[in-house]
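Each of the next two complexes has chain A plus one more chain, namely chain B in the first and chain C in the second.
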Partner chain A sequence: MKLDLERIEVDRVVFGQENSFADGVLTIDKEDLLENIRHDHRITSLEAEIVHPGEKVRIMPVKDVVEPRIKVDKNGMFPGFIGKESQAGAGKTRVFSGTAVVTTGNVVGFQEGIIDMSGPGADYTPFSQTINVVLTCEVEEGTEEHIHEEILRILGLKAADYIAEIGLDVEPDKTESFDFKSIAQARNENNDLPLVGYIYMLQSQGLLHDTYVYGVDAKEILPTLISPAKVMDGAIVSGNCVSACDKNSTYLHQNNPVIEELYQRDGQDYNFVATIITNENVTLGDKERSSTMVAEMAESLGLDAVIINEEGFGNPDTDLILNCKKLEQKGIKTVLITDEYAGRDGSSQSLADAAVEADAVVTSGNANEVIELPAMERVIGHDRYADNIAGGFEGSLQEDGSIRVELQAITGSTDQMGYTKLSAKGY
Partner chain B sequence: MEELIIVTNNPRLQAVENRDFRIERMASLQQVLQRSRDLVHQGAKLVSHPLAGSLKPWQNPYRSIGLKSGEELDFSSLKIMENALEKYRIFGRKQDVLKRQADQMKLAEDFSRIDLELITNVLPEKHSFKKNNAVRGEKIEAGSGKN
Partner chain C sequence: MAEFKIVHYLNQFFGQVGDEDQADLPPQQKKEAVGPGVALNNALGDRAEIVKTIITGDDYFNENKAEAREKIKEFLQEDEVDLIVAGPAFNAGRYGMACGGVAEIADELNLPFVGGIYPENPGYEMYKKFGYFIETGDSVGSMRQGIADIVDFINHYIETDGKPGAPEESGYLPRGIRKNYFREERGARRAVDMLVKKIKGKEFETEYPMPSFDRVEPKPAVENLADSLVAVVTTGGIVPKGNPDKIEASSASKFGKYKLNGVQDLTDEEFETAHGGYDPVYANQDPDRVLPVDVMRDLEKEGKIGKLHEYYYATVGNGTSVANAKAFGKAIGEELARDGVQAVILTST
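Coming up: the complex of A and B.
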């Protein structure tokens, strides 16, 4: 299955009388956008704002970030939510590169996360570099949290779909083609390169920790193979609200850097032949079952090595280590990508679990590191949540509007798929 | 016979009485962790993981841990409990401050809601408490978990 990503480069986004794109400027009819995405009777207010990189703006609390993408035949993006279940992962996908839809709203009182569009905090989040259409949505008082989360989740997908549709009449600036090969194809190439797979872990622990695959709650799935091209077409959607630094927002799934990097060197250094998604459930029985199935699937595919990345932290550290141990015990080499919770000075044990088999680990940063974020001219959302968000602590919000937080509070700062600038270097 | 034990300091679970599982109520998160570790030493096996998912060990003041009673020491459960206690020792000193803050900010309801969501995963499928209350997130009233 071949997928063409047709990119339109965007320099500016503005609101205007009608939807259009010309000379790098994307114009959105705001009233029409809001009318089209307002999908639930429980929404009491809905507002959209545009922010560009470098503006003195803080967005919080961020719920999800979504990249505007659409299938050129209009069918298949976000399968199970927007598109048909049979369509994703092939054909042509149109992308407004450099833009994102950001949803905000507090499902619970201690919710993260922060995107600063300028200042020191901007260096830590990839979404300070995108032009963001920020949606602020309030729902009826008393709306149950699962419903609230779902309303915001669907809102983000609908907005991304609405905006991307403007690109259907636009000539794309460049096209990237992805043609992921099967194991049979790799064998036919008759090279001696190792067979490499990707173990793609998804948070799945209930409210604020959920992920959806083709519209299905990931806690209900068994580990399975998925085409990476389907991931690019929004087959994996985030229902996560915590924790900001290392939850994989929908945008990051759409742009998964592990998949893209593996594809770049496919056929040169290895054969990239399998992507296996698995979950991170609460019970130890679920953890054993999923990790056993992952290892057996990798073995039956004949994989020589895999990259594994975690999502979130805490008890999912156990899923990461179980996957690693069971794969290594079958002779399949593993490289893990994880962030660390090593205390503010970085000296504490980084993970809640460990194993001697985990001898190749890439860090994506210490989420406990403290950073000062100066006050911004404008806050979209509510900064009174600064004290409560996952990385905040008592007195986080200073009188002058500045915030002292751990990196944990910043959206995407220690992303474990590596969509971040943080790592460790040896000197 | 194996018995499901929930060790908890979550007020939403305090009022639940039933025949399907036993609730041991604790006054603090530290007590929940220590009591669970002690039960493991007495042969119980962990059913749920003692660490929260993506909230710091000390951030959520409420924790419920599911165990199944048994006769033999399960070393895997013991290792997980000791690791969880170690994490608590590193980060737990902030517990009092955060509990106070949570109370001030009226976050207790949200935190106990998240803990309830996690522990709901280990409760028997047939249980009315799971079907009728937890998944819809309604407040738990005294006796609502009775069969």
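Coming up: the complex of A and C.
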């Protein structure tokens, strides 16, 4: 499973007459972009804007963030949606590093997020650091929520794919090579090192809490092995509207930090040999089955230790704890990554479940902590949703345009794959 | 006179008023340091000074909460105060609860609080979030060390301008308050570091110590449902249209109580969901899907249940803190019990 990530460093993105890339400047033909990605007859309006880090701009409500990536042979990115499954996860992938596609509009309802490009809110979202091509998309009145979600999900993927294609003629600045070994290879090369895996939990509670694997709804899957290289090629796509702070946008799946960090020390401290995806369904029967299968799979692979991260909070805390318990009971050591819902004053219990076996936990912060976001010069999307999005409350949107919300409302602020440095500790 | 002014809280015994016979003593104040306060004052030197001592009988405080609190609040508001010190209460239960109660009053007045307490004293567990509790031994024999530790902390508190830092570095017991900050490395790297340490059997420190979990044993089944008054309660956010109480879509700070008199069926014209954690389309089309009033009415007609209670309660269980949920549950439970409800159907989403 060898994959080369060929990165093109982008300094600026502008709209222009013709698609091109030169001297760090990516030029996009806006009309052609919009024409090519307008994929559904129910789209009533579609606009694109570019924002750079440091600008006094607020984007909300944010549906998804996607990184422009493409296979050098053109086919294979986002398998199941755009590319072919068989061609993902190998060969060369071209990336416009430092850029992202952000989708917004009168979206779905409650669980979309805020990205501030400057000010205090910018410290909390990874996407204040990317140059964002923001798509504001509206759909016909009466379009059902799940259809609306799907239209925006596909739109983001199409835009990322369109933009990335400009990079095919560009000489990349650097190449990162990944070579994910099989257990047999790892045993051959470093027989004395422990075997390590990654338990990658996908939000699948349903009713707009969906994640797709090769285009398949993760609710319907049984826990299974996946190639980490395929994850980098967009095999996992976000289709969910869980609270913005800890839903894994497609960008974060593409850049999964646990996979990257585990790979860093592969062959030195351990052999990183397995990435197991599992779901977070709502019934106890589903939870028991999935967690049992995860533990059995890890055991049959001979894993010594794993990192587990959840997505979302509350109900999935149970899945996290079940996975942890069943693995530890088999003697497989676990480290968990989660965020916390400790209340606005930080004094409540942080998770909806707990276990003594969970003795090694990394926290990505208390999502209930309240932040003041000063007014921005420009809002892309609609700030009238501030009171209603998860993390907002009555009076969140102040008259002067400033917003008082829980961190929960900020896209990626307490990401549980450990993409950011936010954390919490006890006082 | 030192600039930093302290009010000290003591019970009747340490306040040198009397023994158990004075346990029902209402709050009083003396404009001087008393009992352990004298040693405290001496050790503080010129830095800080006890300007007033409030003394209350332990029974009085615990049995006349409202009056006791009102009076103590009044005393505290009379002059300028920089810090309230209470105890040490050691392992004395009633005294510990009173010191904790004073911490809560201090919190309401936005005044900092320092108390001395034995960690197993229930006053610590219940009131730890309202102030800084310094660990003492379980009995009066540890008074000297306790006073010394309290003085050390007060000095540290003054030096750091009221920002003493984390409990382990600053000598106070954990308050159970989680605060955010940015660490040096991203979470995924920290997870890998922790994993390697755990594999190698090296020491590592979890970033979130798991709490002991509060599990509720299910009650036995209701024996005679046909004669029971049954209520429905939901965390699925079903509210009268327009969400009159403005229950939040997530992190609810309140619950609502709504009439079911004459309601046979929850229609989309009159009800909706306020919940922000799921696709609301199906719940809004037919709110009975979350709060099954229609079915309850059928059961009522069929005689399967005695009667459906005339009110239902609703909140949103989406990111709502356990502390809030617990408080809602307690309040709703008390009202239902008062109204003679014998069984409750809880629906979630």
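Here is the rule we use: the second predicted complex is superposed on the first by the 418 of 427 C-alpha atoms of A that agree within 3 Å, B and C clash if a C-alpha of one lies under 4 Å from a C-alpha of the other, contacts with A are read in each partner's own complex, and residues count from 1 in each chain.
We take it that a contact is a pair of C-beta atoms (placed from the backbone, for glycine too) under 8 Å apart; a residue touches a chain by one contact, two chains touch by 3 or more.
Predicted, not measured: the structure shown is a model, and the values here were computed from it.
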item	value
Joint occupancy of chain A by chain B and chain C, clash or fit	clash
Chain B versus chain C as contact partner of A:F15, first or second or both or neither	neither
Partner chain in contact with A:N281 - chain B first, chain C second, else both or neither	first
Contacts of A:D353 with chain B and chain C, given as first, second, both or neither	both
Partner chain(s) touched by A:G314 [first = chain B, second = chain C, both, neither]	both
First, second, both or neither for A:Q203, with chain B first and chain C second	first
Which superposed partner A:K247 touches (first chain B, second chain C, both, neither)	first
Residues of chain A touched, compared between chain B and chain C (which is higher)	C
Contacts of A:Y341 with chain B and chain C, given as first, second, both or neither	both
Footprint overlap on chain A, comparing chain B with chain C	108-110, 144-146, 205-209, 242-243, 313-314, 341, 343, 348-349, 352-353, 388, 390, 393-394, 408
Chain C partner contacts - residues on chain A that touch it in the complex	108-111, 123, 144-146, 194, 196, 205-209, 241-243, 257-258, 260-262, 264-265, 269-270, 304-307, 309, 313-314, 333, 335, 337-338, 340-356, 358-369, 388-394, 406-408, 415-427
Chain C residues within the chain A interface of the complex	129, 166-167, 174-192, 194-196, 198-199, 204, 206-214, 246, 248-251, 253, 276-282, 317-319, 321-324
Contacting residues of chain B [partner chain A, same complex]	46-57, 59, 66, 77, 80, 83-84, 86-87, 90-91, 94, 97-98, 100-102, 105-107, 110-111, 113-114, 117-122, 135-137
Residues of chain A defined as touching chain B within the complex	108-110, 144-146, 203, 205-209, 219, 242-243, 246-247, 280-287, 312-318, 341, 343, 348-349, 352-353, 387-388, 390, 393-394, 408
